[in-house]
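The two complexes that follow have chain A in common; it is paired with chain B in the first and with chain C in the second.
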Partner chain A sequence: MTTALILLLLAVGAYLVAVIEAWTMNGRWQLAAPITAGIALLGRESIVPRKPDRVFFEVAPVLLLISALLAATVLPLTPGLIITDLATGVLFINAALVYVLVALLMAGWGPNGAYAMIGGWRFLGQLIAYAMLIVMPVTAVAMRAESLLTTQIVTSQADLWNILYQPLGFVLFFVAAMALAFLPPFDLTTATSELAGGVEAEYSGVRLAVFRLGRLVLVITLAATIVVFYLGGWQGPWLPPWAWSAIKILAVTALMLLAGPALPRVREADLLSLCWKLGIPLALLNIFVVGLQVLVWP
Partner chain B sequence: MAMISAQTFFISFFGLAAVWFGIVVFRTHSMMRSALALLFSQTAIGAMFIGMQAEFLGVLQIMMMATEMSIMAIFMVMFMMDPGGLGKMDMTHQKRRSVITGLVAFLAIVAVALFTNWGTLAGSVPDSAQQIEDLGLELMGRSMLIFETAGLTLLTAMIAATAVAVEPLKRNRN
Partner chain C sequence: MLEQYGLLLGLIVGATGFVLSLYAIARATGKTQQEPGKDVPATGGQLSRDPVWVRYHARYYGYALLFLAFDMEMAFMYPWAVVYKQVGLVALLDMGVFLAILFLGLLYGWSQGVLRRQ
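Right after this comes the complex of A and B.
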């Protein structure tokens, strides 16, 4: 029952992400656009390129969707609304999200196309760097909660949300989440203007529909992760817990999508040196500072 | 007929999957397929750990291997002459010696598994949250020196490797 409800909510979430994304791009609220675009994709022929690696080509879009869904299983939307409250919840989110990388490598290699392959390998460099900025801020979050349970992480923020307790961690995690979901300005993987869609370039029809759905679910899952880790999850005054979760997740989604159109796409080399030379030292500093805070204000 | 418990079934299932993907590693000529087959072999081992109620170890294995094998994939593609496996390159060599070595290693591992005195089996396993806490105390207590030394050694090796790769070698071509 909970699983069905959360799947339904993720579907609604994915729809809303698509609506917000269109709004950030062209400034108009096109409420029917995601549905008509989806139907159009399903109606089109799904072309298989010449000499593909068929297994990878077929598996990649499905694996992308599955990884995003798996990460969502350990995120609590209200105190009771969680599919499974794993003792290793925080680690499990990372484990699920790393398979986004595997999916995109498959999508890059599978279709036997130059643009797709460049997109796939670009994402490899991007994710290996930015996965560090996912894991290290999360370490600091778990340090404060003294637990890897996601519900415990939410309740640990009852007095003060993590965005105020560890603002540096929040900024790093937010940037890393955008890089992981290859949202602009970090969309080097798909880069419409230089790679003609990158990993998406050779996909069409139903396979492209699954790929895009996977990406939308990934965005909403990452927004929910940010809310659980840094914005106090379901907590808030007056409104019921589910409403707070919904409001916060949608606000974070909008923020993640709004940054894109305003900024130019970052160069691959700049993106990587930004992470390795600035992001990771800052993430280490964040762990150190939070460690001191935990000792001083238990 | 004795009933097979769900736990035994899952452990066996993922065990067989791990072996099968291990075989696929050497059956394919594509470097990508080979690397990702190894990944799924390792993922299946992670699933076996979860089946054996070692949740932390299982999830950690599943997480670490995805990045590691992806990195291996790009190195294999970079360094092999025929990464797609579409040409005539053969990945196998020294077949007779490999078969003998493999068999000897397999028999040795089976012998170790069968003839070791494993002591008494634990009657019950602490729950996952307790396991994580125990593991944390172990890593921060008795085993700290070992793990920190290992970590520092690896870091030094990585920095040294990068330094060697970055600094252009001035070869004396006489």
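Right after this comes the complex of A and C.
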């Protein structure tokens, strides 16, 4: 029952992400657009390019959807509304989201097209840049909660949300999450203007619909992750827990999507040097500062 | 415990089934027609001059090597983070030394020009 409800909420969330994304692009609220676009994609031809690696080509969109879905299973929306409260929850989110890389590399290699190939390898470089900024801030979150259980991470923020307790970690994780979801300005792998869609370029019809659905679920999952790790999850005054979760997740989604169109696309070399020369020293500093805070100010 | 993982496996199977049913719907509404030139990848309408599956020069390999060291280190960080508060200052110093050595590695790599697009 819980599982079905959360899957339904994820579907609604993916729809809202599509609506908000369209709004950030053209400033209009097109409520029917995601549905009609989805149906239109179902009706179109789904072309397989010549001489593909058929296994990779077929698996990639499904794997993207599944990895985002699995990461969402360990995120609590209210105290009881969670699919599985794994004891290794935080680790499981990381493990599931790494498969985004695998899916995009498969989508790059599979169709035997030059632009897709470059897009796929670019995402590998992007992973090398953002991956440490996902795991290091999360370690600091687990240090405070003394647990890898996501529910306990939420309850550990009862007095003070992590965004105030470790603001540096929040900023790093937010940027890294945007890079993980290949949202602009980190959309190196799908760059429409330079790679003609990159890893998406060779997909059409129903396969493209699944690929885009996977991406939308990924964005809403990452927004929920940020809310659980840094914004106190379901906690908040006056309103019921589910309302707080919904408000926070949608606000974070809007923030993630709004940041993109205002900024130029980052070059791969710049992204790598920024993350390693600035991001990782700051992330280590964050772990050290949080370590002191946990000991001094329990 | 086993039930939880069974549920996750069920989700994987269910998601695959969902996608397959979407494919079935798309298939029912019409098949893809085979026409010449339709299956050419997006390279401006003609096949690319060179084969695509070649060795790609990963110009970020310097970062990639450092990444391996840091990624291994993270495997130790999670158990450490869970017991950190119980163990206290000793844990901070232990991990501090470990991270300091790694960070020196990063600084050394930086000084040798590893942290740039090769």
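Methods note: the second predicted complex is superposed on the first by the 298 of 298 C-alpha atoms of A that agree within 3 Å, B and C clash if a C-alpha of one lies under 4 Å from a C-alpha of the other, contacts with A are read in each partner's own complex, and residues count from 1 in each chain.
Everything that follows uses one rule, which is that contacts are C-beta pairs under 8 Å (C-beta built on N, C-alpha and C of every residue); 3 or more make two chains touch, one makes a residue touch a chain.
Predicted model only: the values in this text are computed from it and were never measured.
Legend: residue contacts after superposition of the two complexes on their common chain; A:L282 is shown touching neither chain B nor chain C. In the superposed model, more residues of chain A are touched by C than by the other of chain B and chain C. Judged by the touch definition given at the top, the superposed model places A:E45 against chain C, while chain B stays out of reach. Of the two partner chains placed by superposition, A:A259 touches none, neither chain B nor chain C. In the superposed pair of complexes, A:G205 makes contact with chain C only, with no contact to chain B.
In the superposition on chain A, contact is made by A:A116 with chain C only, not with chain B.
In the superposition on chain A, contact of A:Y99 is made with chain B only, not with chain C.
With both structures placed on the common chain, the touch criterion links A:E268 to chain C but leaves chain B unconnected. In the superposed pair of complexes, A:L148 makes contact with chain B and with chain C alike. By the document's definition of touching, of the two partners only chain B reaches A:V55; chain C does not. Note: residues 86, 91, 109, 121, 124, 128, 131, 147-148 of chain A belong to the chain B contact set and to the chain C contact set alike, using the contact criterion stated above.
Residues of chain C touching chain A in their complex: 4, 7-8, 11-12, 15-16, 19, 22-23, 25-26, 29-30, 32-33, 38-43, 48, 52-53, 56, 58-60, 63-64, 66-67, 70-71, 74, 77-78, 81-86, 88-89, 92, 95-96, 99, 103, 106, 110, 115-117. The residues of chain B lying in touch with chain A in their complex are 30, 32-33, 36, 39, 55-56, 59-60, 62-63, 66-67, 70-71, 73-74, 86, 127-129, 131-132.
Put simply, chain A touches chain B in their complex at residues 51, 53, 55-56, 86-88, 91-92, 94-95, 98-99, 101-102, 105-106, 109, 121, 124, 127-128, 131, 147-149.
Of all residues in chain A, those touching chain C in their complex are 3, 42-43, 45-50, 61-62, 65-66, 69-70, 73, 83-86, 90-91, 109, 111-118, 121, 124-125, 128-129, 131-132, 135-136, 139-140, 142-143, 146-148, 196-197, 201-202, 205-206, 209-210, 268-269, 272-273, 276-277, 280-281, 284, 287-288, 291-292, 294-295, 298.
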